[in-house]
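You will see two complexes here that share chain A, one where it goes with chain B and one where it goes with chain C.
What follows is the complex of A and B.
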């Protein structure tokens, strides 16, 4: 006997067991009892299109058992809006649920729907704080970062502490690529609306300085190198301007002193643009293929062939 | 089809060197066949919302392993048909709401088992009805919603395009009819998802992620715009980012500074194959990594050595090995994740 079949509140409902089953061995099913019982009540209320407070309880129960079932979330939000339920209360419940089920993404879509409906009534700062709490558990959670971006755009938080937030996140882990991406978004996310990002020389300067300081902390970290390359491409500035930065961490003349394969890679691009720099670029590619990034030797060989140079020379050692 | 993890774990048999690793084809076939007998486990029920996906993954793996008939065809047809909703879409399991992703998996299964004849008896003019269901989810900005809830994800857009393509209902497949969808709007959205690092995220501005790269590159490929949009320079930049996903263990990760995982060997490699840059991968090391993720005793593959096996990582491991040219495997189509000899029959 189950929790629902014995509850007088549900005695008017004829639960609908799954129709998965029958003679077909591929589809026969033997649900774990609790979950199946609860699902059978959900199927019944959905069939009757019942939208009531007890349905909210039922979906809450099911979500606790299995937050990945998208239909349950869908029906719950339908119910919430139909009943004009207190959405602040819903958010509070969601806080706990999200902390319990970190990998689930339905939660975040549901949250977005609720917060969007709250609009100006929403405690936006509270949302920012909650998201920060989620990052204490997993600072690279993709769904949470996507949600944060949505918040920034929906509530125009561009200049309301977001840049400082990325700084705080990167101070904790300078290799957090998600935080680097968020920084890019906060700085450049309004270009289409005419608010300049790195195309503004002052902002560009500031961002390059920021990335340079991060590189100094951990030279073999892909994210800030991608970031400076991205700035150059987005702003159309000269690659050569990055030469001093690349040379701080990589040298073709003194291969033993290379501290970053990403610096060496950047140096290749800079040297191949210089007149008479091709041979040096080729040497740098040999170093990458043989010593600093050998797993990508085929890629480095391709780059060398693009420069019209021969194949990789294995004699190059650091 | 059970999506429950286990029973085994990926590992290397005692006393075996990495270069001696072999794909245990028969064990993987037996593992996939056994999945449906595990209905007494709670996890089986908790993954009901993915069931049709599980069947697609298992069936595709069997096709690539050269055992396309290892699951009974009639049972597959009955099950897929039992997921059909009135709208012309398919749910993840009987009684579930129709969803664009599960409609995509259902169409892939029906294509692989040549099941549209059986569906036609139940739903006359079935291909057009499914196509209209898919098309009805397109939004004014070109994206596709997964269900009536309106969640947007590039996965849904990619799913919509490959589904329509398999059904023969993309605009360029029917030049004399009014188009069912606004294809230029769809691809414009995908292009807006490209990031400063050359790769793609789930929405404009979202972090680059191998899984999303696969859906975006796949969508552009199926739409016929991949070459014109990226050009050689764009392919080099994206290919460089993708090849950076390979770590010294040989495995591939999904984003910088994340762990390697067998499913990424599929998403990264299939994208590289579509842009003609697959040879930038160290194939020998990646092959060895994938083989270390299989359970040599009971079959199945895990995300990484030492973890529990499951059907999801099994198909992506096998599909990855197929792209790597592993001997004896059926060639896979990198965009559709189906056997090439089957997708070759659709008019693209």
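What follows is the complex of A and C.
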């Protein structure tokens, strides 16, 4: 006795149960009765290639229980387009589903299909607001950031408040690496189309300043340090230009004043490029291995050996 | 400054092997609880976790009979698609009602196929029932023009994301069924085209990021899981660049292996509480509730150190040597996130694939997994400390421990995520196929 078997609307359907094929199937699950029933009806309508409003209800039901079912989403979208269903309604349903199943990939793929089909009819601001709601639950959700990147490109939102959006996110959490990555995308994502990012001196200046301010707020934060290094690499500028920044937070001479292991690491790279700086770089690596970043002691020793400087010396400890 | 001898601090926690065997035996022999329903369409990968975990624990042949193992193999073949490849579960098969018109809703699936082949290898199957020609022909059709692989082929369209998970599984399928040699191959008298290896490598190159890690697509955030998939795929294709600038012909990746390694090294973290505010986690000397017996001594030593260095907690570096000795340090998947059991594998395995396993701190990994996320009562591992175990984290925790040189677990092949013993059965199969 179940939801579908008792409903006259479904009486024409002969449900199709799962066939495990033999004894001792692997990873068999103690399914709830309603799931087994829904799956049996789903198989029956899929086998008949039925595209109808009741199929939309059935797939909604099944997706609620098993959102990772990879063909049910494709079947549902075929059905939606075949019936010329209201895609705005579909988005509203998806909002709820996405909030319930935050780590599911298929939901976002489906959303992208729907929003892409809506095109100019899409309420882009509504999409941005929904993304913001998702970030309230998890500000680093990978699917949501990927979707946000897609929105920016699909609807050309590059200069429509997106940089400010990253600033808002980083104000809430300056260590949100996803927000830093998004900023990189907004600034540099159109280089291939000829729109300059950090290769433009003014933009570069602005971005370095932004990262420096973030470092001042929390020096022991890897993200902005990666960001300034990335800028240097992408623009082909000298690493040595970052020396004053590194020295603001780390010193080999006065090890007691080190405020950031990332600054010290940057200093290693800068010093090892300087003539006669190798020994100093080695001392900085000793400090990292023994005092400021001992988790990575093996790595700092590896870096030291790459410089031809022998093993880590513990005497360097402050 | 108080001195802490290694002996005081480092009473290495143990692997509760009997409990892990019990956990996995239960997964093998009884129904998984209903909350795995949302993973019903991932059953082949759950199956692979179960079979491979018991293999790593050296218990597969003792907890099951030969007849049962034959049933397991039969169930995997039950998921083989008539035209090659495997489905993730029997749930899409229409049985007697299958027709050419509804075949589109019952496609073979790329990850399912890799997990099926891997499980068969672990179960010592002879592969005589594998539709090799069909699978390799289908594999070729699963590659897009840009080099990426999809998940399924439905109504002539390659469906699924463009991320390297499918690229990794595709490389694994190709490796198992035809080895490393490139170009078309003769399979059961049929000539079968190779995939476009160059284009797949090209795809990986595009996913390299400004900070060294790899992402799923250009400009997305680098991620340990995707980095594993990219490096693993390259290794299985014979196109992995380990040092210096990469070859251009044949094309290799990553472009800058040192930067990839450095990005990976920084994923090891003492942050382990997902509910703690980031700032409090970064502050020095956060005490944790489950202090070991020698914690007083450690506190004293820690305080002594604090006085020496004169740093503001909000600005200071995160971990102290003492945190590390007591709590260990796991891996996170992206910078500034907390450690999670599974990333001990995703990130740890990358070092092994890059042939630099000494670069990460494997002792700290063991301490983190055994002391924090291993479940004392049920066996298995949870995602975070105190979490209930689940199949995914329990398997990857065990795999990571094997890579971290834990005794009592079989040696793992990092690139294929199965025991080296299972992988070593491949050359004999290849010989039987003349590849």
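Convention: the second predicted complex is superposed on the first by the 307 of 318 C-alpha atoms of A that agree within 3 Å, B and C clash if a C-alpha of one lies under 4 Å from a C-alpha of the other, contacts with A are read in each partner's own complex, and residues count from 1 in each chain.
Assume contacts are C-beta pairs under 8 Å (C-beta built on N, C-alpha and C of every residue); 3 or more make two chains touch, one makes a residue touch a chain.
These numbers come from a predicted model, not from an experiment.
Asks: Put chain B and chain C onto chain A via the superposition and say whether they clash or fit.
Replies: Partners clash after overlay.
Asks: For A:259, decide between first (touching chain B), second (touching chain C), both and neither.
Replies: The second partner, chain C, only.
Asks: Which chain makes contact with more of the residues of chain A, chain B or else chain C?
Replies: C
Asks: I'd like to know which partner A:194 touches here: chain B for first, chain C for second, both or neither.
Replies: So A:194 meets neither chain B nor chain C here.
Asks: Could you say whether A:8 touches chain B, chain C, both of them, or neither, answering first, second, both or neither?
Replies: neither
Asks: Tell me which partner A:185 touches in the superposition: chain B (first), chain C (second), both or neither.
Replies: Touch status of A:185: both partners.
Asks: First (chain B), second (chain C), both or neither: which does A:220 touch?
Replies: The second partner, chain C, only.
Asks: Looking at A:142, would you say it contacts chain B, chain C, both, or neither? Reply first, second, both or neither.
Replies: Touch status of A:142: both partners.
Asks: Which partner does A:302 reach: the first (chain B), the second (chain C), both, or neither?
Replies: A:302 contacts both chain B and chain C.
Asks: Regarding the shared-chain residue A:35, is it in contact with chain B (first), chain C (second), both, or neither?
Replies: Touch partners of A:35: chain B and chain C.
Asks: Touch check for A:230: first (chain B), second (chain C), both, or neither?
Replies: both
Asks: Superposing the two structures on chain A, identify the stretch of chain C from 96-104, 276-284, 312-320 or 384-392 that clashes with chain B.
Replies: That would be 384-392, the only stretch with clashing C-alpha atoms.
Asks: Kindly list the residues of chain A that each of chain B and chain C touches, one partner per complex.
Replies: 18-20, 24-32, 35, 43, 65-66, 68-71, 74, 109, 140, 142, 145-146, 149, 175-178, 181-182, 184-185, 188-189, 221-223, 226, 229-230, 233-234, 295-299, 302.
Asks: Which of the residues in chain C end up touching chain A in this complex?
Replies: For this pair, the touching residues of chain C are 27-28, 31-34, 36-44, 46-47, 50-51, 68, 71-72, 74-76, 78, 88, 90-95, 97-99, 101-102, 105-107, 109, 119, 151-152, 154, 159-161, 209-211, 216-217, 219-223, 262, 265-266, 268-270, 278-279, 282, 308-311, 314-321, 324, 329, 334-337, 356, 358-361, 364.
Asks: Which chain B residues qualify as touching chain A in the complex?
Replies: Result: residues 1, 36, 39-42, 44-50, 55, 71-72, 75-76, 78-79, 82, 93-97, 99, 146-149, 151, 195-197, 201-203, 205-209, 239-240, 243-244, 246-248, 250, 255-258, 279-282, 285 of chain B touch chain A.
Asks: Would you tell me which residues of chain A are touching chain B in their complex?
Replies: 18-20, 24-32, 35-36, 43, 65-66, 68-71, 73-74, 77, 109, 140, 142, 145-146, 149, 175-178, 181-182, 184-185, 188-189, 221-223, 226-227, 229-231, 233-234, 295-299, 302
Asks: Can you name the residues of chain A that touch chain C in the complex?
Replies: Its residues touching chain C are 16, 18-32, 35, 39, 43-44, 46-49, 65-71, 74-75, 101, 105, 109, 140, 142, 145-146, 149, 173, 175-178, 181-182, 184-185, 188-189, 218-223, 226, 229-230, 233-234, 256, 258-261, 291-299, 302, 318.
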